[in-house]
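Order of writing sets the chain letters: A, B and C. Residues in each chain are counted from 1.
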């Protein structure tokens, strides 16, 4: 029971990965997020749950998009937000990761949002902060991106009401995707009976079946009768790499077109973590079409991040 | 009546350019700004008109100075402000302008402040946002910089009380200046009888007379009996360009000196949008002299931006 | 009595250097900081003393660490904080330091936090701002870093209760250190009877004895019976420079080890302004050991900055 994400009494202390979270915690987060969806539609989109708290956006790897979602969520909870782009600062003065965090902690931090190119960095930080301080992993290497996984789960629950009986396909570069990893763990914890991964052999992790998924290399076969299709972003660097012949070739086999989507259920939803490469992993007709819930994902993402922050650090 | 800046009932929905705004809207902005001038002189310089609103400073072209004025104005209205320097972010991930905006809009934005090197970008964004979202153009290419134009109008009204009977000269690089364009439209709408543009032929737009201005290539003739002299910034890149022999040459013919200013009315005011090139388009004796209202322009600029934001997005 | 830091009635107007401050002002700052230490341990770490005030973090030299401490302190006082990294902005448009400040001042600034590579820049700014505006020096060249000096004094008083009878050693690169300069002045004003500086001849200022200190080139002799040991950061550029043979050589002679520290009093405290070069000027066993008060210094630093800001600009 030595779970670094939970307090001794089983409450959420840090959010480091979806893997290892009890089902009740996941449900608590999704339920809390639901209550925040109302807040963000109000004229005054603010609640005082984190008033006077200091939230540090600690980005060791730049990501304006993810940083923005956390900054908005924290400000709507009335927190004080400090953005730190660490690549440009004391790391270059030879200060270690833990010294940097110890210093910020001495400034009476309450919450660290950590993005780092190295898998495990948020865990390392969580092991060294004080009991009243909290860490949220905003993406660490290829390891995890739990708030993205949670907003994906929220979106699926919102549109499908129930996880029982669903078939979910995750398509594309499974190998390098922390988004896929976080989502697959969450789907498993919440009892989705069939999770499929679809992609070329070169972009599949070794022993991917151990995650409890069915592997498809043929996209048409994999999409058959799916309720949910999650497209992954193809990183630009992969397109020029040795793992793929070309972006065009990838699009031909694994890009989501209206024609391929027709093989899924007629009420299937299409998701994407963004930013999209239109014409590579997804066609514009699908991205902007009636099955797409890509923009609602972003909206839910704010509510999910507000939920996680208020659960672990709320007054 | 299909004006993209106005709602169906004729209220201000977006601020994209001074051109095309009805006279009453201009007057409403100037009157509202006047009421905010009091706020910014108080001990507590804050009003709650935008509390809980999310304002995105969307700068596709860097401008610390303009970004700062909008950030201060929004914070004094109690808004939550998110600064996004887009050059350094998802644009580089190949995300399109409209996808970027759609994503931010899905985060429940209320107001986008947009600066872009391409003329028309704020209009494009305004056409795609939701009905409750608003766009303010903070400078697009050579096209428009309407809040600068409005603060210039505010400054003229403040010192001259009335636009009737005024002679206003705009001096320098008219060709590349969005500031000049926005101001000239505003002066025309508000009924200034004589607007002059002064500069070398190479820095005049083709058919500039169509704007309703009188063209002067001789600065002394152009300044004669003016009430208001607006100096434009000479961009550094022009000084080394093919359009001008040199900065020294420009200064000799079109730089504002105390001696040339003496040709204007004795109570003439001198304006400049900043930052100034002292010794190029304006001499320090004039910039810091008794006719200069260059720093009051900056002060009024905050009040004008507060006015525009509160009119289009206030609770 | 023409002290640029004080008003006509002797109150603190600007904080430019510890040098030249009356003893009563130093004590007032330390006492006020003590009252803020309680605030920062509360659940809601905010007081409304600077509500509606505009604080400009004016960093002409990047320093995420120092900027962050001021940003947190200002936000905990409920001020609006605007961060300006000036290297990347109008300075490059050829605007002068004073024009930049005059512009920000016209935006109704209340407080400028200034970091600049040139000694004297904050003084220059202080001479040109309006009577209700205030300047805090956040480090200017090799000259001064008064809030660091003040937090060092606060830390010493916190642990030693009284300045009378203390022996304080400052160790390392005295020549290039604004931290050392600010601290030594403060210790002298507050009546510390013996201040020692320890370091190689090449890193000692000429005529350092004029500051009222005893000079040691032998670290063991210098540490003998000290109450307080202040280690200075060795700048990376010095390690490769001509002033020092190497970092290893420096560590051997002037690095603080547990063995050398044993020569000081048994209840001596060890301080460092951070970020530390572990294994160069200080060993990890000392940095993380029982004598180290390096992290409490950071905590006190927030309270000291809140104290200075609220004394000079509070409602």
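Everything below uses one rule, namely that a residue touches a chain if its C-beta (ideal position, glycine included) is under 8 Å from a C-beta of that chain, and two chains touch if they have at least 3 such contacts.
Only a predicted model underlies this, so the values are computations on that prediction, with no experimental measurement involved.
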Touch-based graph of the chains, sorted into line, ring, star, complete or other: complete
Rigid-body rotation angle, chain C and chain A, from Cα fit (steps of 5°): 120
Classification of the chain B:chain C interface as same or different, half of numbers criterion: different
Chain B and chain C: spacing of chain centres that average the CA atoms, whole Å: 41
Chain C, residues touching no fewer than two other chains: none
Contact footprint of chain B on chain A as seen in their complex: 40-46, 62-65, 68-69, 71-72, 75-76, 236, 274-278, 295-299, 301-302
Chain B - residues contacting chain A, complex: 51-54, 80, 82, 84-86, 88-90, 93-96, 99-100, 102-108, 315
